[in-house]
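Structures for review follow.
Shared between the two complexes below is chain A, which pairs with chain B and chain C, respectively.
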Partner chain A sequence: MSNYLKLVNFELNRFIKLYMVLIGVTIVSQLVGAVLVSRRYLKDVNQAIYEDGMSQSSFIEQFGQFSFYDFGMSLWFVGPIALSIVVLLIYVFFIWYRDWFAKNTFIYRLLTLPTARLNVYLSKATTIFLMVLGLVALQLILIPIESRVLEWMVPLDFRNDLSLDQIIEQLHVMSVLIPQSILQFIRNFGIGFMSVFIVFTAILLERSFKWKGILLGILYGAFTIGLYVLPGVLESLISPGYFYQSEKFFIAIAMVVIISSLSIWLGRLLLKYKVTV
Partner chain B sequence: MIEVTNMQKKFGRKKVLQGVSFTANKGEITCLIGVNGAGKTTILNAIMNLTPLNSGQVLMDGQLINKKSYEKITFIPDAITMLPQMRIKEAMQFMADFYKSWNQQRANEMISFFKLNKEDKISTLSKGNTAKVNLLLGLALDVDYILMDEPFSGIDIFSREQIADVFTSHLIEDRGVIITTHEINDIEHLIDKAILLGDGQVIKQFNAEEIREQEGKSVIDVMREVYIK
Partner chain C sequence: MKRYYKLISLSLFTIVVWAGFFIPSIPASGNQPEFVIKTQDDQKELGHHLVVSGDYSDNDNISKFLTISEEGSDYFSDRSYLSQKEMLYANPGAEQLIKDYRNFMRGKGYDLKSFYQDDTTLAYVEIDSDINFRGYESINPSFQVDVLDKETKDRTTFELKLTKNSNFDYGDILFVQLKENELQVVASLSSFDHEKGIDSEEYHLFAIDVENQELINDELILENEENITESQSEWQSLDVISAETGENDQNYIVFMKSVQEAESLPNGEERIFMKDSEFIAYNLESKKQSKLDIPEEIQPEDYDDSLHLEGNNLYFSKLKNNELDMSSYDISEQTIASEQTFSTPERDTEESTYYGIEHGYLIIAGRYITNESDASIIIYDPKSAEKIYDGEISADDKMKAVKGELAIHDITFTVGLNEY
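Here is the complex of A and B:
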């Protein structure tokens, strides 16, 4: 356990600079964006009312009140989230391949540590999970602050204040990342983490069997995706609407647990018996 | 003792190792000798369980290599196995964090012996100094067996002399060493056992001292006989 925690700490430190950049870009982009997007709205208000002679009520009727949704759909808000997702997706691969292909072959050291090699696998996965959860937590802190910025910028008459729940509900990307119920949270993040395990194991297949491993990795990915959707496909083919929503949810969770366990088990075997430096 | 029995390894269709067997004793320096591609590095990787074998077995003191073995055996590859952005002191801290067998006193001794600066970043070191740090990270572990892959490869004459000095010091004494090298001249007088490899097989293995006494031949003489026919 202690070696696992040490490895997690080590892996976190390896990514911390880039992670801090992501956090910085997110904070700056979203806060600056909150000011700029609301100023642009105010500019439209001023132009319509003071230059074009439109009344306040007809402006609101025609263009609507300003809400977090307007800002939340802007590139300033969505951009850094998309950037973070892309960087983390790349990092899922990079976290392994850099140990083989960087100037110094650190994989020799990792695989000859006096600890179970599974700890290397789990520490890398944990690092990804902590990074994802950290960015989601950052968003939960930033949204109320950004709401306050919008309140400062746009007069009460022109804006429609939304609660945190409403903001998350209205913005699709947020409703996936920060689901409204704990069960949805478990399912969404379960699927995310399961995907990381599948990719990790596919990478280890490639590292173990080289060219054949690429094919094996792709086949493994296809097999696990097939396994995940199998209950739903069978239901729709045999007896559509057979399962209640709650049953579908628990089947999804069961598949996440089964596929994650399978991936970790296979990853452990590959690291122990097949992987090559 | 490290016992390598009938080691076989294929890369694709190419048979790199075809039934390699030998033993390496504690307290002795065993040298694997062969031209490039003879399978020397693959043998060391396989001993450390860093590449799977097609068949064969490696035992260390009668046991298969497992996670606990890495407190008793270490591998010093030809490239340093630490992150380039680490300082030497951070690399030592990493070793201290994970290995119970890490001996900080010995590490400090080697820092002085090699005239290294703990604050230096690994990426800024010369090739010779990088090799010394690599050696330090392996030798400062209180392990019974040390595997070294080409420790003299591509480094300057003075660094080579310093590294060769290590072999006659207490840093190596009583340990079992398996070394691969092209630069046989640097350590010929230190080798206890030589294993000559060719085409993935052991062509000849002999005790250097015995062949010197009985046949009046050096390791290089035997190599000449075997490889230049």
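Here is the complex of A and C:
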């Protein structure tokens, strides 16, 4: 266990600078964006009321009140989230390939450490999970702060204050990243983490079998996707609508556990017997 | 430990924030008011079975669906994630069937018109078909029949090909009844002729022998055609009036053929009113149809005017001048059986009055509840005009704090009322 934690700490330290940059970009972009987007709205209000002579009620009737939704749809808010997603997606591959192709072939040292090789696999996965959950947690902190900024900027009459739940519900990207219940969290992030395990194992297949390994990795990915959707396909072919929604949920969770376990097991085998340095 | 401060900080921050998010201090319904049905002491039996469905909205103009009973409010948003996924909040009948007969209900649709239930049997009929490559035509249509003996738990499941009437685009089950091992099924079969632009609809009565698993009769009751390529301000409509799915034998199905016209109102909304209507009753026992001679004064004027079939009686209801006029027409005798007038809540207008007939009871209620007013619920026996229930829906103090509004969509009874 201590070796595993050491490896997690090590992997985190390797990425922490870029991670802090992502955090910084998110905070700055969203806070600055909250100010700028609300100022743009107020500029429209002032122009309409003081220059064009529109009444306050007419303006609100025509253009609506300002809410977090208006800010949430702007690039200031969505941009850093998209950037973080892209960076982390790339890092899922990079976390392995840097060990082979960086200046020093670090994988030599990792695989010769006096610890189970599976710890290398699990520590990389844990690092990815921690960083994803950490960024989403940051967003959970930022949303109420940004709401308060909007409250300071826009007068009450022109404002429609939304609760955190309403903001999450109205902004589609938030409803995926911030599940409203623990079961939804398990499902959404379970699928995400399962995908990470699948990609890791595909990478190890490529590292084990080189060119053939690329094909094997692709086939493995296709196989696991097929396995995940298999219960749904069987249901629609044999007896459509047989399972209730709650049962489909638990079947999906079971498939996530099975596929993740399969990926970890195969990854362990490859690290132990096939991956060569 | 110092070496691990980044890992520890990130882990702690993540756990604390997520835990704080998921450990609810306030339920999802947040500051939404609580509603409750208040019943007088001597009316508890009836009040206990009442369920009100509606939408609550306040400053954010977002509607929140909820049901209200004597126990209080049940907001959809407060239900568990899995309960919300089942999407049965608006269909308590189907929800109860799933609770009582979970395996039987697998793969079934939730439209209660496809079900028949009595003390010993639960039956389900559906029209199933493949869709052709053009995406709108049904091919190889068949009846899917499933009958459950409640006592022995035996199931009879079979499929019957619809060979005689197989050229239709869409089939819909409107009524199912089981009588002495014979299923009587009323279904509409619709088709659209793309070349001529004609929309056709046929209403059939099918008889299915459950024991021998065969289709023994297929009778065309009524048909309707409409050319939709011609521009028109009025159109013909054919609607079926049958009793709600229940445990009582039904003798009649009533069809309403009407010519409808849309009228634009000053507020920009559209009102559909009926220029002409004709009622045809089909006797399920004798298999004979008869045109009902409904006096003009009780015929519906608006499409929203309520019609209800209960046994041999067809009820016509109209709201006018803070009064509900209800006439019942005896189909077998072909006469008006009764005419009653019921008063509606004092301050309510036609638009703000809810009324309906459930399990043979007439329910009248105020449709809207605001921070200034509660809504009364009054229940009458339509045959005797006796008031048998007088209650109200009231809100807690949170309602006074916000400019919210509860709009009532439906008032029904929970299961078990048949024993009352």
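The definition used in the following text is that the second predicted complex is superposed on the first by the 277 of 277 C-alpha atoms of A that agree within 3 Å, B and C clash if a C-alpha of one lies under 4 Å from a C-alpha of the other, contacts with A are read in each partner's own complex, and residues count from 1 in each chain.
Keep in mind that, in the parts below, a contact is a pair of C-beta atoms (placed from the backbone, for glycine too) under 8 Å apart; a residue touches a chain by one contact, two chains touch by 3 or more.
Predicted model, so just to flag it, every value in this text is computed and none were measured.
Colleague: Mind working out whether A:T112 is in touch with chain B, chain C, both or neither, as first, second, both or neither?
Modeller: Only chain B; A:T112 stays clear of chain C.
Colleague: Does the superposition put A:L5 against chain B (first), chain C (second), both, or neither?
Modeller: A:L5: touches chain C, not chain B.
Colleague: Chain B or chain C: which reaches more residues on chain A?
Modeller: Touching more residues of chain A than the other partner does is C.
Colleague: Counting only touches as set out at the top, which of chain B and chain C does A:F185 meet: first, second, both, neither?
Modeller: Only chain C; A:F185 stays clear of chain B.
Colleague: Who does A:Q166 touch here: chain B (first), chain C (second), both, or neither?
Modeller: In the superposition, A:Q166 contacts chain C only.
Colleague: In the superposed arrangement, does A:L140 touch chain B (first), chain C (second), both or neither?
Modeller: second
Colleague: How about chain B: which of its residues touch chain A in the complex?
Modeller: 45, 48-52, 67-71, 74-75, 77, 79-84, 94, 97-100, 122-123
Colleague: Give the list of chain C residues in touch with chain A in this complex.
Modeller: 3-4, 6-7, 10-11, 13-14, 17-18, 21-22, 28, 30, 59-60, 62, 77, 80-82, 85-87, 98, 106-109
Colleague: Which stretch or stretches of chain A touch chain B in the complex?
Modeller: My answer: residues 3, 6, 10, 14, 102-106, 108-109, 111-117, 208, 273-277.
Colleague: Contact residues on chain A for chain C in the complex?
Modeller: 5, 8-9, 12-13, 16, 130-131, 133-134, 137-138, 140-141, 160, 162-163, 165-166, 178, 180-185, 239-246, 249
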